[in-house]
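My structure is below; once you've seen it, I'll send some questions.
As written, the chain order gives the labels A, B and C, with residue 1 at the start of each chain.
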Amino acid sequence: MKTIVLLSDARNPVSGRQQLSRLEAQAIGLAAGLCEKPRGLHAGSGEDGVSAGLGHGLAGLDIIDLPATDDPLPALAGFIAKAMGGAGAPELILCGRRGEGGEETGLVPYRLAETLGLPILADAVAIRAGEIAGTLVVDQAMAKGARRRVTIKLPAIVTVHSLAPPPMPFAFGRMRRGEIRHHEPLERLGLPDTAARSDASAEERPHRARPKLMRQSGTASGGPNLHVGPEPDEAARLILDYLEANGIRRYGSS
Amino acid sequence: MTAAAFLPWLVVAMIAVAVVQIARRLFLWRRGKPATVDWLAGLKALPSRYLVDVHHVVDRDRSASKMHVPTAGGLVLASSLLVLGLVPAIAGSRAYWALVALAFLVMSAGVGLEARRRYPRALPRLSLGQWQRFPVLLGLFAGGGLLTSLLAALGNPLPALSFLTLIATATGGLALASTAATGPMRHALAGAAHLVAHPRPDRFGGGRSTGLRPLDLSVETPWSEKRREEPFEEEGPQKLGVETPSDFAWTRLLAFDACVQCGRCEAACPAFAAGQPLSPKHLIADLAAATAGGHVRPYAGQPYPNARETIGAAGLHAPIIAPDGMVHPDTLWSCTTCRACVEECPMMIEHVDAIVDLRRFQTLELGAVPLKAEEPLANFRGCDEPNGRALKERTDFAAGLALPRIADKGEADVLLWLGQAAYDLRGQRTLKALIQTLKSAGVDFAVLGDEERDCGDLARRLGDEATFQRLARANIAALSRYGFKRILTADPHALHVIRNEYPAFGGHYEVIHHTAFLAELVAAKRLAPAPLTGRAVTYHDPCYLGRYQGEVEAPRDLLDALGLERREMARSGKRSMCCGGGGGAPATDIPGDTRIPDIRMGQAMDTGARTVAVACPQCTAMLEGVTGERPEVKDVAELLWEALQAGERTNGPAVRELEPA
Amino acid sequence: MSRLRKDPRAERQERQVAAAGRRPRIDVGHREAKAASGRLRRDPWREWSASLVGESRRKRYDRSQRQMEHGNSARLTRARARDGVEATEISPGQPAVRVIDEPAFLVFAVITAAGGRLSRLDRQLLGAARLLADAGDGGGAAVAITAAFDPVTAKDLARSLGEAGADRVLSVPGDIHPSGTAAALRHHVEAFAPRHMLFAEDGDSADLARRLAVSLNEPLFAGVEHLTPRSAVRALRNGTREVALAPPLLMTLGEDRMKPYESGPCEARPLDIEVGPFGGDPAILSVEIIPGDPASLALSETDFVVSAGNGVSDFAAFGDLAAVLKATPGASRVVCDAGLMPRAAQVGASGTVLAADCYLALGISGAPQHLQGIAGCEHVIAVNTDLHAAMIERAGLAIVQDAQLVMPALVKLLAERQA
C-alpha cells in the first residue's frame, strides 16, 4: 500500500540544526512495514533534517520548496490531492502526533484531513493491512497499556504515538541512495490559516522553565495504616481491600 | 636405480601439485577488489621485511623462531638441492646425498622443536586440527627424506628400506603440497606475497602506519543539486564498507591466508581475556574460510568466548556478518581497536583494519550498530558531540581559569585541544592541572572554544565514516582560520586522529601529546617540580599513544623527573594492554565474563605501586571505574602539577624567576 | 473553607436606595439574599486541626495535594479538634456547597474520569477551569464534560466532580471513538457558547481537541504549561521558546501543570440537554478495545506494579501473584543483580522511574535510589519484616510481615474472591 510520511522541520535542541523528529522516524518505521517504498513529504526550506528520513527507511523524499514562514498546509494539501488523483495514488498518510517547527499544535494532520475529506486516526502504535483490501488495522495507544484496534477504510491519515516501535536505525548508505525531488508549490488547497488569528495578542519570548507539580503520595485513608505482624490471611485481606478502595483494581464479581 | 633417485622427481611433483593448488587460491584472491601495489619496491624490500621486521616479532617467542628457522630453512635447502639432483651427474655423487641428508637433518631438527610445542599438549593459543597434524606431515617428509638420502649417501645398503622411507617421504611431501592452498602450508606463499603487497608498506623498517584510510564518500550525495527531478536510479552509489569477502581488496584476502594461527593475537587481545566473544585469530581464520567458501576445514582453535551461535554459511559473495553468516556481530563490536593483535602478529596482518571495514558496512549501510551505540552516533549527527552537550559548554569547567580563546587572540604558539574530557568531571581535573601548569610555565596557548567539535575518533571506530569525515572537515576548517605552531592535547585519541587521520582531508598539523610537551618544558627548565620521592607509580601506556604513535619514553621521562619510583607492569610500552575504553567498546558494551579494566588494574596492583599514572582520559575513566580496593589513578599532568605546587611551597620565588617574560 | 465570604461593600450597595443627587440612603429593611461573589471564607481552625497528626497532635505538612473528602475531613475535625476548642461548632458537619445559579459565562473542562474516578489530570483540568471561571469579576461556572457520567455511578462521580470544582456536569455520548464524541462536543459548544474549553494533552482528549478545533475552525493552544486568568503560556521549539497570550477558546493542558481545586465543594449540577445521536465516521469499519496485559507492559507505562526485593525467595510464586493481581512485575536492584529477574524489571533511579498509581513492594526495604524510582506513585503498599524499613515509612499501607507468607495468602484470597 502506497504510503506517504509527512515530515516537519524539527531542530536539534542543543545545536539548533535541522533534524528528523523522532516521532516521524517512528512513523517511517511503521510505513516501511507496510509499504515497500514509502516516500516522505516535506514542505519548507532546507533538506538537511528531513533527508535523514531516507537513512531511516524512506525510499524517496518530496520537498515542496516554501519559505520557512509560510503555512505548509495548502501546499501539502495541494500536493497530496494531486497525487491522489493520479496513478499510484497514496493510500495512507502517516505523520507524527505533533509536528515541529511551526505552531507545534498538532493540527496539521487534522486540517489536512478536513481539507482532503479523509478520515483521521490518532496515536497509532502499530498498523497493518486489513484482511479486506483497501482497509487498514490501526492499534491506537490508550491509557494503561490498552490498545484500541480500529479498522479503517483507506485512504486515511494516521498520526503516530511515541509508544510505537523505535525507529529503524539510521544508515548513511540508505540516505545516500534515497532520492530527493524538489517541487514548486503549485496548487494550494485548504482552509484559511486559523493560527494567524491567535497571533494578534501572542507574544513569543525565550522559554522560562516552570516546575511541574510534585507527584507525592498520600495515605488515602486516614486511619492507622501500619499493621505489625498480622496473620498472612489478614494481611492479604488488608492489601486487597486497600487496592479496591483506592480503585487500583477490582477483583471478584463486584 | 636407487630410491633416492626418485626424490628430485618427488620435489618436482610436489611443486607441480602446489602450483596447481596455489593457482586456485590465486584465482580466489583476484576476486577481491583491485588494489594498487608497488611490486618493485615490495619485492626489493621483501628480504629486509622478512628478516628484520617479521623476525623481530617472531623472535619475541624464542621457541617459535628456533623452530621456524631450521624447519623452513631445511625445507627450502633440501628442496633446492633435490632439484639440482635432476642433473644425473650430481645425482650420482654420494657427497651430494650427504649434503641433502644434512639439509633434511636440519629440517628434522626444526620439526622436532615444533612438535615439542604441540605434543604431548599444544600451547593453549595454538590451533589444533590440521595444524596439529602439520608437524606429522613435515616429520614424515623430513624424516623420510633424511633416511632416504642418508641411505643413498651410504651407497644404498638397504634398498628395500630406502623404498619404504621414500614412500613415507612421498606421502608427507605430497600431502603438504596438496594442502598448499587450503592447509597450513599456504602461509608460506601467502605470507611472502603479503609481505610484498602489504597494504601498509610504511609499517616496515621502523615506521608506523596506524591511521585508518578514508572511505570514498564522494559519489553523488542525495543533496547534490544535480539530482533534482532526476529519475530514481535502482543502481545507487557503491557499497560502503565490507559486507562479503569479495568487498575486501585482494591484498587483504591474501593477508588472511598468511595467518599461521599462532594465536599470539588471541593471547594479547583484551576482549578475549575478558571473555568477550572476540578472538582475532578466530576472526582472521573465519575471514580466510569465508573467502574460500564451501571447501574449508573447520576451525580448531579456542572458540569465541561466550559466543552466540551462528549458522556459518560462507562464500565469497555471502555476507560475513549476518544471522546466518560466519561471524556474529558481537564479535565485531567487542574490539577496542587497541592494535595489540596487530602488534603481536608475526605475519603482519592488519586485524583492526578488517574489523573497521566490517563495522563500516554494518553502520553505514545497515545502521546495525549495537543499541547503546546508536545514541552517541545520533548525537554526533545532531550536535557534533557524543553525549549531546552543547559545544559552547566545553569550556565551562575552566570558568575560573581565564582560558584564552584563539578567536580573541588570533594566534598563539600552542593550540590546546580539550577534547571529550572537558565534559567529564574527572577529565576536567586533569585539564585544569594541565592548564595551570601551562600558565605557570608561561606558555602562549589558547583554545578553540565552541568551534572545537568532537575529533570524530569514536564515530570513525564505530564505523560511521560519514560523520567522521564531516567532523574532520569542520574541524580542519575551524583550525585553518587561526595561526598556531602546534596542537597540544591530553587525549591520545584526538592526537592520533588529528596527527594521522586528518592529513587525508587536508589538515596537516604538528600535534603533541601533553606528556611530551610537559617533558619538553621540564627538560628546558621552564618548570621546576619538587621531587615527589617515596612514591611508587606504575605507568599505563594508552594504546593510542604507545602502540599507535610509538611514544612510550616521554611520559616515563617525566615521571622519572618527578623523582617517582617507577615500576613496570608485565605488559607495558608498545605491548601494553588496553584499558577497554577505545574503539567505542564502552558504547557497544558487549558482555563478557569480566571487564577489561579489572584485568588491567589487577596487573597494575601486581606491581605493588600505590598510584597508576595514566595519560588518556579514556584510560582514566575506565581504570577509575574499577571497584574495590585499588591504587589511585592519576594523570601524569596531575602528578606534575602536584610536584609543581610542592615546589612552589618550598621555593616559591625560584619558580617565578624561571617564568619567561 | 466552607462558608461564603461576606462582601460588606456589595451588601451596602445592594441596600442603597437610588436617589439622584443626594446622599445614598440605606434601605434597612432589605433582606434579599444576594448572589454569591464566588469567594469562599477560609476556616483557619479547621485547616489547622486537619493538619494535626498522631496522638501527640503535631503539625505536619500535607503533601498529598488531595482534596480531603468532606466526610473524612469532618470526621477528622471532630476527632482531632484540640481540647477546649470545639471545631465542629465553627463549621459543623457538611460544609456549605457553593452554588452558582446564573453563571455569567461557562468554562468547559473535558475530562476522562475513567472508571468513574477522577484522575490527577482530571482534577487539574477542573482546577484550571475553576481558575478561569473565577477570573476577573468571577461568576463563571466550570462545566465538567465527561462521557463517563452514567446514572449508576452518577452520585459518586457528581460528588467528586463537585469537590474538584465543577459547577455543572455535562455528559457526552460515550462513543467508543473520538470522531463521534467530537460531533457531540461541537453541539455543546454551539448550544452553550463557552468562554474557554480545556482538554487534556493526552490520549483521546488531545485527539478530540484537535477534531473540534478543525471543526470549529478555531485555533488551538496546545500543551499549556502555565495558566493565569490573564495569560496562557506554552512552550515551542523543544522548550527553547514560549508563546503567551490571553487564554483562548480551545486549550489543552499537560499533566502536573495546574493545581487542582482545593476549596469547598461546588454543586456539580447535571445539565440536561438533548444530544441527538451522532453517527461515527463512516470510514471506521470496526473498533475493538484490547485491554493492556499488565504482565507484558513496560514498567514505565503500567499503572500498578508489584515488586520483589530481598525478602522474596520464591520467584515462581511471585510471578503467579503478579499475574492474578493483574499487576506488572518489577524488582529491586539486588534481585536484578542476582539475575533472578530481568534487568528491564528493575525499579529505581538506575532502572525505571515509575509513573504508576500503585506500587506493592514485597520484601523491599527501600534504598534511597529505589524510593526515587517510586516517587511518583500515589499509593504504596509495603510488606516487609523490618518495622523500621524506609519503605514501611513511605507506604500508605504498611504491613510488617514476611512477604513469602503473604504471597500465597494473597493468591488464595484472590482465588476466593474471584470464585
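The rule we apply is simple: a contact is a pair of C-beta atoms (placed from the backbone, for glycine too) under 8 Å apart; a residue touches a chain by one contact, two chains touch by 3 or more.
Quick caveat, the model's predicted, so the values are computed rather than measured.
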item: Chain centroid nearest the full-protein CA centroid; value: A
item: Of all other chains, the one whose Cα centre sits farthest from subunit C; value: B
item: Result of counting contacting C-beta pairs for A-C and A-B, higher pair; value: A-C
item: Centroid distance [mean C-alpha coordinates] between subunit C and subunit B, Å; value: 63
item: Inter-centroid spacing, subunit B versus subunit A (mean Cα positions, whole Å); value: 47
item: Chain centre separation (subunit A, subunit C; CA means) in Å; value: 27
item: Complex interface listing, subunit B residues touching subunit A; value: 217, 219-223, 227-230, 232-233, 236-237, 239-240, 363-369, 374, 377-378, 381-385, 388-391, 464-467
item: For the subunit A and subunit C complex, residues of the former touching the latter; value: 11, 13, 97-98, 100-101, 104-107, 109-111, 113-114, 118-120, 122-123, 130, 135, 139, 141-153, 156, 163, 191-192, 194-195, 197-198, 201-210, 212-222, 225-230, 232-233, 235-240, 242-243, 246-249, 251-253
item: Subunit B-touching residues of subunit A, taken from the complex the two chains share; value: 12, 14-15, 17, 19, 47-48, 51-52, 54-55, 59-60, 168-182
item: Subunit A contact footprint on subunit C (complex, rising order); value: 62-66, 72, 75-76, 112, 114-115, 117, 120, 124, 176-179, 202-204, 206-207, 210-211, 213-215, 217-222, 225-226, 233, 235-246, 248, 255-259, 281-294, 297-298, 301-304, 325-327, 357-358, 360, 375-381, 383, 387, 392, 394-402, 405-406, 408-410, 412-414, 417-418
